[in-house]
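Below: a set of structures, written as structure tokens.
Here chain A shows up in two complexes: once beside chain B, once beside chain C.
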Partner chain A sequence: MALYPSKFKNPLINWIDARLPIFTLMHHEYIEFQMPRNVNYLWAFGAIGMLLLMTMIATGIMLAMQYTPNTLLAFDSVEHIMRDVNYGWLLRYMHANAGAFFFLAIYVHIFRGLYYGSYQKPRELIWILGVLIYLLMMATGFLGYVLPWGQMSFWAATVITNLFSAFPVVGDPIVTWLWGGFSVDNPTLNRFFALHYLMPFVLLGVVLLHLSALHITGSNNPLGIEIKGPQDSVPFHPYVTIKDLFAFSVYLILFSVFLFFMPNYMGHPDNYIPANALVTPSHIVPEWYFLPWYAILRAIPDKLGGTVMMFAAVLVLVVLPWLDTSKVKSLVFKPVSRLFFWVFAADCILLGFCGANPPDGIWVVAARLGTIYYFAYFLVALPLLGKFERPRPRPASIAEAILKGGGSVHAHAATAQPMEKA
Partner chain B sequence: MSTIAHPSGAGAAPGGGGGDASRRNFLYIATTAVGAAGLGAVAWPFINSMNPAADTLALASIEVDITTVKPGEQIVVTWQGKPVFIRRRTPDEITAAAQAKLEDMKDPQADSARVQKPEWLILVGICTHLGCVPNFDGKSSGHLGEFGGWFCPCHGSQYDTSGRIRKGPAPKNLGVPNYVFLKDTVIKIG
Partner chain C sequence: MMRTMKSIIFAAAAVAVSFGFTGATKAHEGIELPEQAWAQSGPMGRIDKAQAQRGFQVYKEICSNCHSLNLASYRNLKGIGFTEDQVKVIAAGVQVQDGPNDQGEMFMRPGIQSDRFVKPFANDKAARVANNGALPPDLSVMVKARHGGEDYITALLTGYAEAPAGVSVPDGKYYNKYFASGTIGMPQMLFDDSITYADGTKATALQESKDVAVFLSYIAEPTQDERKALGIKVILFLIVFSGLMYACKRQLWADVH
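After this line comes the complex of A and B, so read on.
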């Protein structure tokens, strides 16, 4: 009899845990798990992302019970949800707004990782899984946007699937295969619905891998110094659980403002016009969270080139852990890199505005300059900054910086060992 | 493993161990190859099921009566789910299309190769960039683009009065579908 020696007192829990130690696992990973004691509120955005994924799956399952994936019925079935289904309006607006908020939370999460060097060794694989999660989010978000079968849905489906036609030889057969026909039509909508239901569960699986890898290395922190002993860390519960719950409350207030007072603020009115294959709306734009990529696509005056650059702009993130040659994680200690980082952040917002505006005049120039800086940041600035910038001295440990410094890192930099490798 | 007696057949190498190892390797490779071929054979129906179904492929040709189209106007009809432009060109537009310099074009093609009768221009109305429907508004020339043809609202591609790409990101000219004039006023597309 080889049962697991469970420590739980409750006889039922003990009986289960001895045979399948899931309670021990959860206790180990979410109660005892050691978190750096200096993590700030930016570390709550992963948990907020998880809350949003749960919101999306829960509301999505309920919506799927009322929605019809057929070109003749889809638009009306969404209106049926809005007008007739009990709380249908609430479920649909939650789903639509939580989708946008999911991207918002993940963008904060990504930029936090960029600022504090969370992608550096030993967390490269966590980062790469994160890029994969982001790609799945983009695919899922796009597929879902098509389902209401309004004008923006239809033309988003047309433009995005046509991106693949840029590839020589295989392009057109791929597009026909994606469509299941010779234009975006009923077979396309039908399969997009099936895939939109599937993808979030694939995404959830990758999130679990992301978390499993995270629980091997532990979380990074604002100093970018690893935990060296018990004085540097606190248990996940209650310290981080309470902090995350407070962050949830603040997020839910903001979410509710959008949900109840301006539910269509992030939408596009043209999507309340049923899809029409013969009329393209005069100004089509993607959802705000795709605008920077859209700007890069349009910045290149060549179909294949634009498509390749757009995919490359996302995929360059995969190799980021090896492009950044610095041994110091956090930008707190690298003032020159910090400057480049903030210009990069501003550049992403600039590209967003370029994507939202029609492609002429100053916006074309701005999109091209923005695209150049985007790639230069990863391919030129980060490799060189890591080699040539001399980081400021770092404190010897997390505990030292916090307990002696009263929050200020720089005041005690003199006592730190210079260039110490954590 | 040497204690297991392997049957000695035609394929068994003399000398025991070495022969057994290579035979095992052969079996591993053969098993893997058969398995991979089997998986591929099973995967193909799954992948191919997403290609156009028989009823989609069977979408027939259409016949269009063009009696009511006046010079300078176009009508849009649906063929295989796609918009098809039928434009009756004015003499000025025909001249402009015929005299445009081919060396200025991204996808050079003579106007005469794109029409059966110069007055009637018949095109698949899908921008070759990313599939939007280019605008045509004969009344307000601002929507025709610089070349008097079509202007794509999505990414600014401009086509001339022969439907050839002249400016913007689209790589090719607007497509010309197969069509025949059944009568002077009726065409069959497809």
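After this line comes the complex of A and C, so read on.
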């Protein structure tokens, strides 16, 4: 009957750890875990995402204790939370705004990955799990937006579920099945509530897988060079914990400005009008974090085509590790690719604006060009750039870059002319 | 090169975001709302209670003939400076249906603080019949439900005019350029001296409109002042906390860089 040889001194902890080594696991993953010593603040956004996921779950459970998923009562029950529940307004505004800030953090996190090549070998699975997380976030966000049962809730649910009707033959039965009836109605709201409660826990499970995979390969860093020895890294605690705490705090300041001073800024006024199946809002728009996808959807003149392209736009991320043929991870060493990257970033913002505006005139043209660049970036630019762009010389190790770069972690200075400083 | 690229993108994003801001003060396509100065706007702004009380007077004497305020209770009036006794008197001034009693009958009784505001019509159909087919919407969250909020309410209530040539106004409708369709089913309600204010404020149509907008702003979110006050404390705390964390981080990393 061998026990695990726990190293903890505290007898109680030792007793538990010897039988169930969770303390050893935590110690290993969050105390001794080696982080590249040159990671910058962009590496805090994964942890910020985790913090927000926890916030969403905590506020969400408390909201669910007062919310009523019935078409006749839902709108008023949300207002009841805002008006009659102690600090209900705080819970509700936190949940709504933290949702948006969760997406914001994850967008930074994803673009960080794109810029520094974090999806490349050996981190392909971390990346794919990340895309799955993002898909689950989108599903959860959409389902949650329907719950207050305002005009935008109702019409967003109608428009999005209707997309499935574009598929030939199976389309209409699928939509009826999703609705639980012949229009978005009480059964729809009920199941959306059940699923909105379920999804975040599935999400949490996938985040744990995402982190398990990360702790095999270790984190990437701005140079995209793997850790070669102890001189290249610092232990997670206290170095990264303190840095993350500082990053949390700054992010929370930004969050608080929205939460306390403009809590409805990212929402839509129409969602304070109770849902009405007989009145279509003049202009149906999703939440800002879905706008680029919405633009791609509407850029294609055909409903089925648009739906397929929209899903393809997200799913192309899954195969990204194989589309990028470059052997060098970080764009720090690839000036031409970097240019394409920044145009891509601008393109995503442009698509966001196309999604926010009515689909006519210049916005249609912009959305189509934007969609073409979006796909061309992944399907044409990345495969070719990897083959033809000659990366600049890279330092031999992280430690070398830091020491020769004069102390700055900033990779440009450290590596642009490695020969001169030697 | 990269620097300029990045600054261009950030500048573009900033311009775009500020466009989003100005967009918020438009009622609908192309019509600019006149912007009023509101005591409650901004992080430091708070509801002007005297003004909100005047606004309540406007609501009670005029708007409540057609518009319900279903989400508000009489006790909410304490938040704009009415005393407990005043609120009891106001509530007792309305008749509320209650029941069934032990005989199984519904009965009427004077209102109490915890009652919701009584509604003018038994149901939507009755409301439409009394208004040429147009439905006067509930005003509980109206300020949050329209672009421009208080500015929109004020503009709408004072926005009646002779219809310009070429615009036909159907029977029972009135021309109002701030209303989305241009012709509204609500006649002009506020004129100079429609109200005699208890506090002696001169009751111009604009003053009455602004006052009722402030009252509706309060009713749309009775906790708004509390929210902003808490926000200032939280942000001050976070700034101090960030400073501390930054200092710790600097010290810890001093020998790593």
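Descriptive notes on the structure:
Quick note on the criterion: the second predicted complex is superposed on the first by the 406 of 422 C-alpha atoms of A that agree within 3 Å, B and C clash if a C-alpha of one lies under 4 Å from a C-alpha of the other, contacts with A are read in each partner's own complex, and residues count from 1 in each chain.
Heads up, the rule we're going with is that contacts are C-beta pairs under 8 Å (C-beta built on N, C-alpha and C of every residue); 3 or more make two chains touch, one makes a residue touch a chain.
Small disclaimer: the values here were computed from a predicted structure and weren't measured.
Judged by the touch definition given at the top, the superposed model places A:Pro383 against neither chain B nor chain C. In the superposition on chain A, A:Arg83 contacts chain C only, with no contact to chain B. By the touch criterion defined above, A:Ser282 reaches both chain B and chain C. In the superposition on chain A, A:Gly181 contacts chain B only, with no contact to chain C. Shared-chain residue A:Phe261: touches chain C; no touch with chain B. By the touch criterion stated above, A:Pro235 is placed in contact with neither chain B nor chain C.
Chain A residues 282 lie at the interface with chain B in one structure and with chain C in the other.
On the chain A side of its complex with chain C, the touching residues are 37, 76, 79, 82-83, 89-90, 93, 234, 238-239, 242-243, 245-246, 249-250, 252-253, 256-257, 259-261, 263-264, 269-270, 272-273, 282, 335, 338-339, 342, 345-346, 349, 353, 402, 407-409.
Note for the complex: chain B touches chain A at residues 47, 50-53, 56, 59, 76, 78, 80-83, 125, 128-135, 152-156, 168-171. Contacts from chain C toward chain A in the complex involve residues 1-2, 5-6, 9, 12-13, 16, 28, 42-43, 70-71, 76, 137, 140-141, 144-147, 180, 221-223, 227-228, 230-232, 234-235, 238-239, 241-242, 245-246, 248-249, 252-253, 256-257.
Residue ranges of chain A in contact with chain B, taken from their complex: 155, 158-159, 161-163, 165, 176-185, 187, 191, 277-284, 298, 300-304, 306, 358-360.
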